[in-house]
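What follows is chain A paired twice: with chain B in the first complex and chain C in the second.
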Partner chain A sequence: MNLEIGPIFRAMMRNKVGAMLIMLQIAVTMTIIANGFSIIQERKALMARDSGVDIANSFHLSNVSFAEDFDMQTAVIDDLKAIRELPGVADAIQVNAIPLSGSGWSMGLQTEAGDDIDGSGTAVYMVDDHALSAYDVKLIAGRNFELTDLRWRTDNTNDWADVLIATEALTKSLFPDLTPQEVIGKTVFINNHEPIIIIGIIDKLQAPWSGWNNLDHVMLTPDRLAFRGNRYYIRAEEGVRDDVMKRVEETLSNRLSGRMIQGMESMEETQRESYTGASGMIKMLTLIMIVLTIITAMGIVGLASFSVNRRKKQIGTRRALGAAKNSIIRYFMIENLIISGAGVIVGAILTVGLNMILVQAFSLTPIAWYYVPIGMISLLVIGQIAVFGPAQKASSIPPALATRSA
Partner chain B sequence: MLTMKDIKKVFRTDLVETHALRDFSLEVNEGEFVAVTGPSGSGKTTFLNIAGLLETFTSGSYVLDGMDVSNLNDKQRSKIRNEKIGFIFQSFNLIPDLDLFDNVDVPLRYRGFNSAERKKRIEESLEMVGLASRMKHLPAQLSGGQQQRVAIARALAGEPRFLLADEPTGNLDTKMAHSVMDLLHEINANGTTIVMVTHDMHLAKQAGRNIFVRDGRVSELHDVSQSEATDAISA
Partner chain C sequence: MFTYYLRLAFKSIKRTPILSALMISAIALGIGACMTTISVNYMMSADPIPHKSDQLYYVRVDSWDPYNAFDDPNIPPNQLTWTDATNLTLAGKAFRQSAMARSGGVLEPDNPDIKPFQAGIRLAYNDFFDMFDVPFLYGNPWTDEADINPELVVVLTEQLNERLFGGENSVGRTIKMRSNDLTVIGITKTWEPVPRFYDITTGPFNDVSDMFMPYRLKQELELPNWGNNNCWKPSEGSGFMSRLLSECINNQMWVELPNEQARQDYMDFLDSYVNEQKALGRFPRPLNNKLTDVMDWMKHENVVPDDAEIMLWLSFLFLLVCLLNTIGLLMAKFATKSSEIGLRRAVGASKQALFIQHLVEAGLIGFAGGILGLGLSLLGLEGVESLFGDFISKVAHMDATLVAMAFGLAVLSSVAAGLYPTWKACNIAPASQLKSQ
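Let's look at the complex of A and B:
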């Protein structure tokens, strides 16, 4: 079998424009597809991060008073008691902010007191002693809050509680060299100078902001909230969340006047909304990649069909000179392989180049090396599939065309 | 060498049937130089295409070089075209994007020769037609006569037993036509059987034998009479 690579290449170089354009199109398509895939995988990995909480069974709502004389402290205590007694409720807390909800508080913690010391940013959830159970998180060192740790935080409270519970990720960033056990009892500083003692470490909990670098940095403080508004975070028992949501809403609405129960939302919904940007981007990128692939395949079909039509007589002559149908098919397949081959080599360079720019400009994860060969092979295969139709058409040109056409 | 018996060739379209050959019978012996003349549309090219396995036929029998070629598949037919038959066309049919070397190389690659063998044959055959020095030229850089000589080199590089030419001088002026004819005679003298279709009675007469085709049938002429010759030319 003779592959004719040399003459195919030389003939192509005498009609380069079309081939060059398709080559570039293949290169660009590969660049965008490989980087697009990489970005999609990165986004998917972000979306798949463990939230730490029981997403499937939990929900939250806000509780806002409007009556001037509304007694929030009593309301919170009685509400929680009522909710916790409802059938199907695993546990419930009042809290200032909800993981992945997009809004909440953040503070900086530092290991030494002082004004110009870099701290670790962390989300702050103000909770009571039921938080670990409501979140369904694991205490990996130290202890939970006790009733004696709890205090009321009002609009006028300016200081911080004496103790906190932190996520392991937060303590790792504060004390990179210490084990969780060693961290227990350590003092950290908030607002530059105010000391707080770490009394417990939990495995995992997410901040309200899914795009934040410190998503896993969370501190819990033992604050009951006497603000005009707060939230309740409730974990239902396995599989009964929707019923529990209805029950909680009814119970709370009927219990007191002078306040509104609103914004009830499952954690599933909260998590989904938190990643709408990412999932929108995934959809858009996927669409672009599909459209681009189709356009490129059509370009290959178009160029090949054009060149088959242009070379009808030559193909008939080749057949007359002894080319079997297979040899004609092979000719066009190899021609495409040369074009696509050049395309994917240029594409590989562009892929890495574009990725470097994206990594720099948008701090994306660098592309995994194997996307490059996978992208190259995919486009080579797409090219071969696209050219097969025109190649087959070429092979059906009769040898008699050599004598019949002028 | 070539034996055709009662070959019929019918071209069918939805509307019409054209009987291009009717009971066409012919025998060509090894080493002959046969010229085929006849009015336009009489079936000369059809005969040549069938002889060269470019086209199949409707009925009849055809034995080429001792082999019945009536029922071969595409691959077998391609192989016979490649190995046993050389073609020369009226409009040369060189591949415009390939230089002379690569043009002559085309059938040799289908033959599966190694590159040293191909190179040797290409150089020898271009040498024979006097164009070895222009191997790297493109066809468009040559005159018509030169292009036809390249086509002849391409036809001969595989050393076929049998050379088929359809109006090989049809696109050439008289001087160039004569030089191509001289080349064909030389090739025939070296033992290659040649069948050539031509309009030109003068050139036909130079061949060893003349076949006259009319209405898809053969009328063999050893001595072309004046009236038929005129007939052929004016047709």
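Let's look at the complex of A and C:
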């Protein structure tokens, strides 16, 4: 089959600027789409990280006392008892901070005592012996807290409990060479000098800050909180969360005076808020990519239509001289393929260039190599689809047109 | 002549409605996307206190861990300890100065219809109000005396006054907070600097606290730490006072220094203060004090998020595609008019006249695209607000400068897009187009 690349190319060279414009348009479009896609994938990966907890069925609220004589210790014990007895509640704890909520407490742990030793940063959740069940996390080594481990932490408490439970990620960063079983019983140091023994390791739990490098570093300490304010984290049984939320709110609001129950929020909502930036970025980029594709495709359609109109007479002549409809269609398709081909080659270079700038300036993840060929193929396909309509129109120009004078 | 060209342009645009619509919407989309991201970036990087932003300085001293810098490379802490914030403010070496911190408490209104609620407190010295030109609706800031021997006084924001007292002049009334009666001494008029430059550590686009109280009341009333509290060593002893006097940082401080000399002098004062403290066994790190003015501080704290800048650059590329698109279409369009142009040249129209005529056509398309683009960018800002939520609502709008910028961009880009096709179209030999006709 004769593809007539020679004549097509020479005809194109008669309108260099026009061809160049589409080529550039395709190149820049590809640059934006490939990089946009890469950013979207990066954000999606962030959002897809496992939180460790039962996001769908859990919620939390805060409990703030304002009466000067409010007895928080009794309140916490009675509140938890009341909540845990409610139908539909799987388990509940009091805690100082909530995963992904944006505010919390962090500390450094180190494997040797001393002021000049580098440690590992970790989020701290102060919980009781129900935490593993409330979070729905798995204990992979050691043991859970027992009632005898628990103590009350007040505003004046300055030291730390003797034992802790850590996430696997945290123990891996402290003891990179040990298995979970070997880590159990090890002593680590908090505040440079104060020893704590690791008694248990859980598979996964996230810190309050979704943008933090050590998101998976969490330690649980056996502290009941007698602060002026604390939080309750509650896991409902499958599917009844909304009812349980109402029930808990009613139960707590009416139970005691001198305190406020506020900020009740599902973990679904907390997680969503934590990633508003990422999900907003994904939606904006998606919109831009769609609109851009449409604009470029419409541009190709518009330009091809014009070039068909301008060459009506020549097309008629070719048809009169015996060219089949198919070869007319093929002519425009190949013409587009040449232009798009050049466009995606330039586009590939621009894509990598822009990505290098973005990586440098905003420390994004470098683009995966295969996005480049995928982007190239996508734009070639879009070009071919866009040009097909005008090409078909061209093929239906009657041969008789050649005989008419304009 | 211009109106005649305008009429011709209208005619020509109407002759190819689909193509013209395509060009106009391409420009509109490009401008819309660009102006949306430009607006957000512009508002985020705006000067929140333009008339004196170069005279206000954020104070940092390096009180951190001897073995680790607060942040690499050797960056001093972004907040101060209670001790340093208090000492530096009381020294009074700047024209105006105020330590500040965030706190909060539960208010119990006398009115039984209003349930107790939690309010955010900005603790500060009274220079805060003069230094930042905070406008007052009723009453006045507290006195210097109240700063030293703190009185139980409070300045409410207009919104909190609305909530507590229905918006009336409540100066002299009291509110109960944790069994203390706070006397209202002033009410500020709505004051919302964007970005909220004076406390970046708790989010640059958050609201101003509900009320203001003398800084020293934190100690008197044992008010809690809100905002970020960072420690490099544990407090010695237990209890509120030892935590307050620890090396933990939870306070900010601003000074007003009217000229370069004052800045120099204050820098010297900071150095001598730190050296004094070193003699007392504090400040184990080498001297590393910083005075940073408002705009530099905004930059240092990355007030404009990376994502906003990424979107800005991508939207410029988007506009570029739209312009390339328009140039191509305009060229194709003018090419079909070549016989008409040839004819007009042959009967005596000058190149210049034809050039202007077609530039008017291109300009008209750009103008229409610009108007539509402005509408789209307003829509885009609504969209941005609904996508990113509350924190962005303060920056997701346009001011007069931005509207003017949108028009400028529209005209500039349509002329840029129209210039080459127009020049090309007018540059044909008249004879070549007349022959075959």
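FYI, the second predicted complex is superposed on the first by the 403 of 406 C-alpha atoms of A that agree within 3 Å, B and C clash if a C-alpha of one lies under 4 Å from a C-alpha of the other, contacts with A are read in each partner's own complex, and residues count from 1 in each chain.
To be clear about the criterion, contacts are C-beta pairs under 8 Å (C-beta built on N, C-alpha and C of every residue); 3 or more make two chains touch, one makes a residue touch a chain.
Remember, predicted model here, so these are calculated numbers, not experimental data.
*Asks:* Determine, for the superposed model, which of the two partners chain B and chain C contacts more residues of chain A.
*Replies:* After superposition, C is the partner touching more of chain A.
*Asks:* Check whether A:T296 is in contact with chain B, with chain C, with both or with neither, and answer first, second, both or neither.
*Replies:* second
*Asks:* With the two complexes superposed on chain A, say which partner A:Q25 touches: chain B (first), chain C (second), both, or neither.
*Replies:* After superposing on A, A:Q25 lies in contact with chain C but is clear of chain B.
*Asks:* May I ask you to decide whether A:A48 touches chain B, chain C, both, or neither, giving the answer as first, second, both or neither?
*Replies:* Once the two structures are laid over each other on A, A:A48 reaches no partner at all.
*Asks:* Who does A:F66 touch here: chain B (first), chain C (second), both, or neither?
*Replies:* In the superposed model, A:F66 contacts chain C only, not chain B.
*Asks:* If we overlay the two complexes on their shared chain A, which of chain B and chain C does A:L147 touch? Say first, second, both or neither.
*Replies:* In the superposition, A:L147 contacts neither chain B nor chain C.
*Asks:* In the overlay, answer first, second, both or neither for which of chain B and chain C A:V17 touches.
*Replies:* second
*Asks:* So chain A touches chain B in one structure and chain C in the other; where do those two contact lists coincide?
*Replies:* Overlap of chain B and chain C footprints on chain A: residues 406.
*Asks:* Flag every residue of chain C that touches chain A in the complex, lowest number first.
*Replies:* Contacts found on chain C: 18-19, 22, 26, 29, 33, 65-68, 105-106, 108, 115-118, 178-179, 224, 233-235, 237-240, 242, 305-307, 309-311, 314-315, 317-318, 320-322, 324-325, 327-329, 331-333, 335-336, 383-384, 387-389, 420, 424, 436-437.
*Asks:* Within their complex, state which residues of chain B touch chain A.
*Replies:* Residues in contact with chain A: 45, 48-49, 52-55, 74-75, 78-79, 81-83, 87, 89-91, 93, 95-99, 102, 105-107, 109-112, 138, 154, 158, 166.
*Asks:* Sort out for me which residues of chain A touch chain C in the complex.
*Replies:* 17-18, 21-22, 24-25, 28-29, 31-32, 35-36, 39, 64, 66, 68, 115-116, 118, 155-158, 191-192, 228, 260, 262, 273, 276-277, 279-281, 283-285, 288, 291-292, 295-296, 298-299, 302-303, 306-307, 309-310, 354, 358, 361-364, 406
*Asks:* Please name which positions on chain A make contact with chain B in the complex.
*Replies:* Counting only chain A, the residues touching chain B are 1-2, 4, 6-7, 10-12, 14-15, 313-314, 317-327, 398-400, 402-404, 406.
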